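One chain, subunit A, appears in both complexes that follow, with subunit B as partner in the first and subunit C in the second.
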Partner chain A sequence: MHAARLALVVAVGSFRRYATYRVATVAGVVTNTAFGFILAFTFTALWSERPRLGGYDLPQALAFVWIGQALLAATALMGGGAENELQGRIRSGDVAVDLYRPADLQLWWLAADLGRAAFQLLGRGVVPLAVGALAFPLALPTTPLPWLLFLTSVTLGVVVGFALRYLVVLTSFWLLDGSGVSAMSGLLGVFFSGMLLPLTLFPGAFGETVRLLPWSSMLQVPADVLLEVRQGPDAARALGFQALWALALLGAGRLLQRVAIRRVVVQGG
Partner chain B sequence: MELIELDGLEKVFTVRRSAGRLRRTRHEVRAVDGISCTVRRGEMVGYIGPNGAGKSTTIKMLTGILTPSGGRLRVAGIDPARERTRLAGRIGVVFGQRTTLWWDLPLRDSYALVRRLYRVPEARYRANLERCVELLDLAPLLHVPVRQLSLGQRMRGDIAAALLHDPEVLYLDEPTIGLDVVSKAKVRGFLREVNAERGTTVLLTTHDLGDIEQLCDRVMVIDHGRLVHDGGLDALHAAGESERVLVVDLERPTAPIAVPGARFVRADGPRQWLAFPAAASAAPVLAAIAARYPLADLSVREPDIEQVIARLYTEGRDGGAGPSGRG
Partner chain C sequence: MVDGARAYGLIVAMWVRSTVAYRASFLMAVAVNFAVTGLDFAAIMIMFTHVDALGGFTVAEVAFLYGTTGMALGLADLLLGSMDKLGARVRDGTLDTLLVRPVPVFFQVAADRFALRRLGRVSQSLLVLGWSLTQLETAAWSAVQVALVPVMVLSGTAIFGAVFACGAAFQFWAQDASEVQNSFTYGGNTLLQYPPTVFATELVKGVTFVVPLAFVNWLPALRVLGRDDPLGLPGWVDFASPAVAALCCAVAAAAWRRGLRGYRSTGS
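== the complex of A and B ==
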């Protein structure tokens, strides 16, 4: 109860701090919208040449593009999660200050990242998707259920994304400068989430594999839920898949965190 | 009652150093090398020493974020490394060069977070915040994002944040570093007030001896991980064999003044500097000079605590134990 309340205060604070950067938000919206147009034209060319590519028709493919642009900031696929700050704190040694507070480090940063994602979903997601829907025929649902499932799926996707990036950040306890690992994980994220091309386009064993990796939780799964490609029991399975990855990766983060803190506490970092 | 107890406290770091292309040698650095002392409830103690002496390492062990390699340590009866979270509610910590405040948000939001973090009852929180705001002049700053605060304002904000949960001990690591004279005075005044009003025990490290002179009745000097002095400021003067300095202006340049009881230091034209023990009277020295030299003017400089401490540090470096190592 105490932890939940504290997490809420941290999340609300994080939401508000991201909300203070209005110009950055506007710039981000413009970028996402511009990229949405470029990708939408590319996908139109692709799909007119090869209709039903990856099992999507053109309105679905275009919706995929704009969902991707709407989620790009919220899932921090290309970096920019709340834990970036933690990375700086580890490098400067400020993390010592965080350790003497009576709060769990992972829970603290998870709450901060959820607050950030909530702001970026609203601040940077809604406008690009609306613009896309006005400019192109998108296959978006008109009933509330798929939207609700979509929001649940996005939330789980944000948690999976955080859990992955938290593992990456913890490596800076050993590497001191984690920016190389972060850049690499960003590249992996862009490709394996489906941001570059929907993962359903990849055939064979490779396609099977990439759809089972955690990154698919961050775009492919939420998009399929909203496009109603996965509905009913299949949608439930999709959410379960995300939840499993979230738990597994958060668990791994806890283990690594324990080792990292022990290292700091014994060796002074 | 003893609030902080250190008994033979040690911290040894293992440092790897590359020797040659592939070989690496390990060697030990004894950052804290057997410190024993106790601090009573309500004391204000200055903890000083040159850079790298082991001050911050000690503070980190006292907060529980660093595990000692040897010796015994208790703060309010708690072993800090074992029960870091339980101890957290009873101590307040301010690292001068690090902030616990939320960078992009108004000060007020950080305080609301502290309240949740330490589960401070509403009424208590309000009373404490009101008192801090009044004494530290924070009222105009509560709605300002922390990143827009000046260093002095931020420091005051951090100190208030460390006190909202009524800690019994307040550790301050260089609380006045980089502050201007007015901000320093405010911070010092506030710390005196908190100590007198609530009996909060204060342990502060500093390089600013003004902090020590104005706040602390007790000074611990640490060098190379060892306690080289523990006692009052006057004891420090005695230990450091302080000298007062007589600045003599003569009517014309002369040979170095030689009178019993004083030591010639240097000369600059008609002005000469002479040193004599702080405990001795200046009168006989003065009389001797006036009788034998063309005296125009003179002044006496009181012993400088900085020099005393500088001498303690250099003695430590030469390998000799400090003159009054009680630890």
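== the complex of A and C ==
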């Protein structure tokens, strides 16, 4: 009970913190929209050569582009998650202070990241998707159910993304400067989530493997749920897939955290 | 100017020493920088497993566009890419420290946190460019076509550099807005990787006449590839890149001076 209340307070605080930087939010929206236009034109060229490529028709492919731009900030695919700060705290040693707080380290940062994601989904997601829908014919559903499933799927995707990045941050206990691993993780995220190209376009066995990796939870799965490519029992399977990855990765994070904490040496103790 | 360049070199050398200190992390960062751009290209190659031509351009031609814009952006990013951190310095007031040092602020900001790992993008783009040159079916390369390639890359570097500098100048007013410039730098780079025939005419006009990114590679590259330009501009425009680059730098210099002069520091 106490833990849940604390998590809620942390999440709300994080939401408000990100909401403070209004100019940065507008700047981000402008950039997401610009990229959306560029990608939408290239996808138009690609799908006009090969209609039904990857199982999508053109309006679905265009919707995929704009869903991607709408989720880019919320899923922190290119970095910028709330736990970035933890990396600095590990390097400076401030993490020692965090560890003797009566709160769980992983849960604290998960709550902070969910608060951030909630703001960025609203602040940076809605406008690009709306602009995209005005400028291009997008295959977006008109009934509420796919949207509800989509929101659930995005939430799970955000948790998977956090769990992955938390593992990355923990490597700072060994490497001290985590920027290399962070960059590597961002790179994998962009490529394997479907942000560059829908994963259904990836060829053969490589494509099948890529679709089973956790990164697909962050864009490919939510997009397929919203586009109703996966509906009914298949949508349920999609959400289950995401939930499994979320649990597995959060569990791995806990294990690694237990090992990592033993490495903390507090000077002057 | 000479003093400034010397100071730039000294600060850069200092940052290079400092990044190499965490060797594992540095090597990983270079590899990642190389691979990030590599995966970008992998996505294009995957596209071409499904189609033979995109907007009427073959894979070699797209690779040529990719390599030229990638080199230009990579070099500009290496030299000036850290300037997007200026907003943070304006916000917390640490820019004041730079103002009292006897070195032009521009060079200090440009060299600040110099990131050698950005060579990754340059080398990856160079590889793609080299590969595309072996694949292109331009039968006989005339001297003009050969000369245009390095001219294109250097002018492109200057144009992207001017965008970085303008973006930094803009942050004197809007400290949090550094991401807007990504639309023009990284966004522009993504745009220029694809042939102009893919995009709506309004967009092509915008990047020709408003933010002249088309001069980074599109216009000169169309000449090299022997293609018509979709806007039907006169032929001499293909050679105008250096002039456009000089103009961009002049605009950036004016914007930077205005921004710096208007800086009022933080606090009361």
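Rule of thumb we're sticking to: the second predicted complex is superposed on the first by the 264 of 269 C-alpha atoms of A that agree within 3 Å, B and C clash if a C-alpha of one lies under 4 Å from a C-alpha of the other, contacts with A are read in each partner's own complex, and residues count from 1 in each chain.
What we mean here is this: contacts are C-beta pairs under 8 Å (C-beta built on N, C-alpha and C of every residue); 3 or more make two chains touch, one makes a residue touch a chain.
The structure presented is a predicted model; accordingly, all values stated were derived computationally and were not measured.
Peer 1: Counting only touches as set out at the top, which of subunit B and subunit C does A:Pro233 meet: first, second, both, neither?
Peer 2: neither
Peer 1: Check the contacts made with subunit A and report whether subunit B or subunit C touches more of its residues.
Peer 2: After superposition, C is the partner touching more of subunit A.
Peer 1: Could you say whether A:Arg5 touches subunit B, subunit C, both of them, or neither, answering first, second, both or neither?
Peer 2: Touch partner of A:Arg5: subunit B, not subunit C.
Peer 1: A:Leu201 contacts which: subunit B (first), subunit C (second), both, neither?
Peer 2: second
Peer 1: Name the contact category of A:Ile38: first (subunit B only), second (subunit C only), both, or neither.
Peer 2: second
Peer 1: Is A:Pro144 touching the first partner subunit B, the second partner subunit C, both, or neither of them?
Peer 2: neither
Peer 1: Using the touch definition from the top, say if A:Gly13 reaches subunit B (first), subunit C (second), both or neither.
Peer 2: A:Gly13: touches subunit B, not subunit C.
Peer 1: Taking the contacts subunit A makes with subunit B in one complex and with subunit C in the other, which residues are shared?
Peer 2: 21
Peer 1: Which residues of subunit A touch subunit C in their complex?
Peer 2: 21-24, 26-28, 30-31, 34-35, 37-39, 41-42, 44-46, 49-50, 53, 175-181, 183-184, 187, 190-191, 196-197, 201-203
Peer 1: In the complex, go through subunit A and note every residue touching subunit B.
Peer 2: 2, 5-6, 9-10, 13, 16-17, 20-21, 92-94, 96-97, 99-103, 264-268
Peer 1: Can you tell me which positions in subunit B touch subunit A when the two form their complex?
Peer 2: So the residues of subunit B touching subunit A come out as 11, 13-14, 31, 57, 60, 63-67, 81, 84-85, 88-89, 91, 93, 95, 98-100, 102-105, 109, 112-113, 116-119, 145.
Peer 1: Okay, in this complex, where on subunit C does subunit A touch?
Peer 2: Touching subunit A from subunit C are residues 22, 24-29, 31-33, 35-36, 39-40, 42-43, 46-47, 49-55, 174-180, 182-183, 187, 190-191, 194, 197-200, 203.
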